[in-house]
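One structure is given below, represented as structure tokens, and several questions about it will come after.
Labels run A, B, C and D following the written order; every chain starts at residue 1.
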Amino acid sequence: MMDAEKPLRVALIGHGFMGAAHSQAWRVAPRFFDLALQPRMALLVGRDADRTSAAARKWGWEETSTDWEEAVRREDIDVVDIVTPGASHAEIALAALAAGKHVLCEKPLANTVEEAQAMADAAARAVSGGARAMVGFTYRRLPASVHARNLVAEGAIGDVRQVRAAYLQDWLVDADAPLSWRLEQDQAGSGVLGDLGAHIIDLAQYVTGARLGEVAGTLETVVESRPLPASSGADGGLGGQRGTGGERGAVTVDDVALFTGRFGNGVLGTFEASRMATGRKNALRLEVYGSRGALAFDLEELNFLDFYDYTAPADRQGFTRIMVTEPVHPYVDAWWPAGHSLGYEHGFVHQVRDFVDAIASGSQPSPSFADGLQVQQVLDAVTRSSGKSSAWTPVQ
Amino acid sequence: MMDAEKPLRVALIGHGFMGAAHSQAWRVAPRFFDLALQPRMALLVGRDADRTSAAARKWGWEETSTDWEEAVRREDIDVVDIVTPGASHAEIALAALAAGKHVLCEKPLANTVEEAQAMADAAARAVSGGARAMVGFTYRRLPASVHARNLVAEGAIGDVRQVRAAYLQDWLVDADAPLSWRLEQDQAGSGVLGDLGAHIIDLAQYVTGARLGEVAGTLETVVESRPLPASSGADGGLGGQRGTGGERGAVTVDDVALFTGRFGNGVLGTFEASRMATGRKNALRLEVYGSRGALAFDLEELNFLDFYDYTAPADRQGFTRIMVTEPVHPYVDAWWPAGHSLGYEHGFVHQVRDFVDAIASGSQPSPSFADGLQVQQVLDAVTRSSGKSSAWTPVQ
Amino acid sequence: MMDAEKPLRVALIGHGFMGAAHSQAWRVAPRFFDLALQPRMALLVGRDADRTSAAARKWGWEETSTDWEEAVRREDIDVVDIVTPGASHAEIALAALAAGKHVLCEKPLANTVEEAQAMADAAARAVSGGARAMVGFTYRRLPASVHARNLVAEGAIGDVRQVRAAYLQDWLVDADAPLSWRLEQDQAGSGVLGDLGAHIIDLAQYVTGARLGEVAGTLETVVESRPLPASSGADGGLGGQRGTGGERGAVTVDDVALFTGRFGNGVLGTFEASRMATGRKNALRLEVYGSRGALAFDLEELNFLDFYDYTAPADRQGFTRIMVTEPVHPYVDAWWPAGHSLGYEHGFVHQVRDFVDAIASGSQPSPSFADGLQVQQVLDAVTRSSGKSSAWTPVQ
Amino acid sequence: MMDAEKPLRVALIGHGFMGAAHSQAWRVAPRFFDLALQPRMALLVGRDADRTSAAARKWGWEETSTDWEEAVRREDIDVVDIVTPGASHAEIALAALAAGKHVLCEKPLANTVEEAQAMADAAARAVSGGARAMVGFTYRRLPASVHARNLVAEGAIGDVRQVRAAYLQDWLVDADAPLSWRLEQDQAGSGVLGDLGAHIIDLAQYVTGARLGEVAGTLETVVESRPLPASSGADGGLGGQRGTGGERGAVTVDDVALFTGRFGNGVLGTFEASRMATGRKNALRLEVYGSRGALAFDLEELNFLDFYDYTAPADRQGFTRIMVTEPVHPYVDAWWPAGHSLGYEHGFVHQVRDFVDAIASGSQPSPSFADGLQVQQVLDAVTRSSGKSSAWTPVQ
């Protein structure tokens, strides 16, 4: 609410697609939720001054900078929100935490376990100074996800027996789509495993309340070379364009990642991440089967959660398609009347709500950097398993 | 079961598409259900001797005839099963009932109320002589339909408040599909109203247990002329073929029929029948909304019934997609293990089961000819309403 | 974009559910779309000073007033956005147009044809002074709706043959839900017909590009009395509460509205609006069948549009479930990457975009007040038809 | 057709659930398809004389025997159809082939690779004598499966890139469902891998036209002990019944089987078979992603095939839900008019059609015993991989 006494000054580092999503969240959250602290969109940081200024005007940030250290140095900044590529997460987050800032960091937490470990350690240390850190797995913040977790926790599906998780997209189906930095190992750190795989690891663990203890998997690169993009420089844009006979470069990250995981409680789950699943645009699917019921979710239809109650009368059993848009569902009473759909961006708004609430109450926001580290450890174990013929490999 | 003491000798009159469906039903029913009387496929009657013989060989009928009166005259025939066009239903059924035969007659019962009235009267009279008559609304015999009716009867959806029924097909979408006898009033008696409309009237009444008391509707002919088919005669097949510049003839029946009905208990329902619904192949849809729940069914997915329980916990409400293929569901335990789909023809098999059971036990099979008459009266009221500007018109 | 030279100062009259939706739209639209004029959320008007101030703080309006005439009088106000109950639309809009303001008015345009006519006349007159008026049928602004209209206009489904439209909700299923002003004729003007029926009339006309010329229909009140709500006054809240034996009052508006319409081009459509459709939360469904294809849409799954191409190879025909979230789809390139869902509120954002664009370019925004009047005339014709036994009744 | 000159005398060995399905197929196939040879249901063989006689009467077999060797010895028997448990497949099939009989054998072909190899060798030898052998993977015979294979073969989805196959059932969810011979290794040979896994291996290979070359997988037993069933003997049925405090025995086969496979062309696929997937009754799902499109199928909705055309106009792309019930679709023209659903048993009818056609024309029916052997080799490789920490293991 606007009359909350205390402002919370935010600096956003980065302004790509995620920058837009986070900006929208910071702007919208206080309009629908009563926040104990009032976010102010204080500073936007980007590398290019002109583009950063344009983004700040468009999204409503008060000031801009091309130096992320300014956000850390400035005493009036309370929160550093990091949406840069993964390679810079650790450096920025460590500096911000050292300076006593609250930190929200996009997923995956870092490009390596080592970086993630350092970040988790720093976050643990920073608590004594009052700073809080959270990693941005926003799919946890959808009404369907929270409702799914609640149903599992309430015992509505009994003991979890089997998990199926997949995140399928198709943006690399065209073998002549250009090579970008996201497809080069030294820059991106990882391919579809870190990008989409991280989401399903986190969501499956969040919903079931269990953690993966070992994995066995395979990483694959289906399209192994792609046209080099035209340089933006002196060649006048002649080189590397599709259809112009340009050279091709090697794709050095995975575009399909498949693994089986065993949770600490012994339950098996399958995990599949793909950028080659033609026709699937954003199909994050989670199915959880239990001794008394089951749950199924698909991000392409994010306002629904399917629930099977194995204890219902036999002739009335079936998957119940819950439209998760009623006031009784998580987050929904702040929005529209029953039956009115939410969209992708609402997860980010809810993330701001939960993050600000945790800061205001002095409690640990979830998922913590330690949670982000654990996901990183799973990713690492999958990579190692893939390197040794898919053999079962412990996490950590 | 094959060792049932008494056979039940059946004569089938007609051998088109419905003849195939009925033949399959007579052949298959005793293999899956334990019938108290053992059907024998004794006599197939058709107008053309060669085609009738071919059909009898293919479908397994013992004898053939080109004279339906032979089926009525023969003392060894127990059942007359009528699948001819509607115009001949009354004549055959009246003769068969007068001769003491059990009669199964395809829907709609007749082409006019008068004929249907005579048939219902004859069926009532025939009971004293031990003969039973039934009209063939087979969609009542699907597991989903019976389960829906049971749920309504048990109060699972409370008081019925609103009904939505539609039967959508698209086989007349092509404006150059040829004119056939089915599209001429003097031969077919009715268009989509009698063909598809009759089904949704019967099914809606069956599931809700209520009867339509008045209707307000509109009959429409969207494509008003069609190419005359090539004659099979002296013109060598030159005339009327598509694309050959042949003449067109008038379509004299409706291809879209829309009406609102009020059931005797005051509930309103909408009814839509169309042969112009591009892309809908066999979409008989029924939705029933009640004070405590709802039901929805679509014939294109006939192994499913959607059920909404308004008394369930608020956060778990939704349409439950019941896969009506469990042993607890109607008819299913005679077939395959749980989860194995049934198809269109199974309704006909179940019809034989129920008809034979009624004959064996000396009880009235349902739907009776009186039920068929009532549907005919609804069709008639719709036609009259359409003729007077869609005004509300009482049924009979 | 924030650097657009000229601001556009907006006054919002009303602050219920629609006030929240419009506020969100005014705030968000300039962040995602490049607008030629820069909206400023200048003035929020409500009857109660405290509640209006609270809403203004929450939603970010600069000033407040309890007098809507202030919005009309103030020279610095450019746009009057009306989200009050229908009874006050005409008075406010007429004054605002007379004062040269642009006007955005929620649907339905007014409670009577007479009011709507006066508003349309005033809007026509105001054009010479540069003022523009639009009525808020936001479901036109969903990517699926615009894409559907475009497909029809391109001939993708050929000639439209049949239309099916329904808007099903269930918020009045509980017969003991209290009586509110929305259920009393003298205050609300209309029941489900004006509320939900208006939406499907507009959307069906928008998508098909045709207008209803005559209608035949029935209005129904399924639950005829409801508990009187507790007064907030001296009786201490004892009266009329559910389960306390309080008195019941008469529901004087329709909760189910059913009609058949004939478009000017002769095509028939069915229209159903219900607040009694148990389990349907916001099921605005539109199906359009044409000579070469078909379209189907359901607001409960608003990111999808089903398209049937009757000219495709026969063995590959079927309804194609287009996920209308690609950059090539209407409005989508301003939002998120491919496959990321939009929600209910995005229609309002798009409405602001289109309204501001029209103002900036001096063109007529659509739907105009004349369009809103025409919808009102259809509603009126349905009401008259219902009063004369559902007979066909011309629009106007 | 009944007037085919030559009969084909069939002996069926076994009469459980599969016996019913095969009986129905032998009875129905000649009624809908014109077969060059006329099947006669000559001999039913079972271990128990009374139960075999009852089954023969019910299903319409002319004679019975309790000795399967009678079927092999009798010169008038042309076909031996084997539906016994897997442990006896090899012995019966080898004898039948040696006697020059055509053999149809249920899947999986055998319990071990060695048995399967011997059967494939025998089948190869028998060809010279005119005998033909086929293994019964009936899901290949559904219209959707054949259409899927045809679309892949025509290039409609381009080069296959990724395969996802799962077969999910829930009949073992109840941990107190009794132990049966199907859950004991020494009798059943395999658990869910051989039962459901075999189906998805065959179907994925059939549709894609590629064969698995190596696999990496895990076999799991979720419920490790179950109540011993009551003996049928002297203890009067007191022992081991659910809830009576009876003893539990060890489940010695897998109830969840998960593996990744690499096809010979390098493509990766995931395979999951489960009897623990609560709420999934018969969910055989296959998804095939290619460079120009994709296909998806679910056996619970077997009349549909989803097809994505990546070469369609960008704004019209989506999964097209093909209702595979048109006369242009495989097998369908023999059945009902467009849009009328087929069911589970139709696959068996089509199998008889194809088997008889191959016999009549002297060609090799597909899938051959060599095909069945290859599936067995895949199953064996999965088991071996599971035993060595899920490491990649070559097939054969």
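In this section, contacts are C-beta pairs under 8 Å (C-beta built on N, C-alpha and C of every residue); 3 or more make two chains touch, one makes a residue touch a chain.
Treat the numbers as computed from the prediction; the structure is a model and nothing was measured.
Trainee: Name whichever of A-C and A-B has more C-beta pairs touching across its two chains.
Mentor: The greater number of contacts lies at A-C.
Trainee: Farthest chain from subunit B, going by the mean of C-alpha atoms per chain?
Mentor: Looking at centroid distances, A is the chain farthest away.
Trainee: Need the CA-centroid distance for the pair subunit A / subunit D, whole Å please.
Mentor: Averaging C-alpha atoms per chain gives centres 42 Å apart.
Trainee: Based only on mean CA positions, could you tell me how far subunit A sits from subunit B in angstrom?
Mentor: The separation of the two C-alpha centroids amounts to 54 Å.
Trainee: Let me have the rounded angstrom distance from the C-alpha centre of subunit A over to the C-alpha centre of subunit C, please.
Mentor: 35
Trainee: I need the residues of subunit D touching at least two other chains; which ones are they?
Mentor: Expected reply: 280, 317-319, 323, 326.
Trainee: Would you mind writing out the residues of subunit D in touch with subunit C in their complex?
Mentor: By the definition above, subunit D touches subunit C via 147, 151, 156, 304, 307, 309, 314-323, 326, 328-329.
Trainee: Of all residues in subunit C, which touch subunit A in the complex?
Mentor: For subunit C paired with subunit A, touching residues are 1-3, 17, 20-21, 23-24, 27-28, 30-32, 57-60, 169, 171, 280-283, 299-303, 323, 325-326, 336-346.
Trainee: Please name which positions on subunit C make contact with subunit B in the complex.
Mentor: Where subunit C meets subunit B, its residues are 157, 161-162, 164, 166, 170, 173, 175, 216, 218, 220, 222, 256, 258, 260, 268, 270, 272, 274, 276-280, 287, 289-294, 308, 310, 317-319, 388-392.
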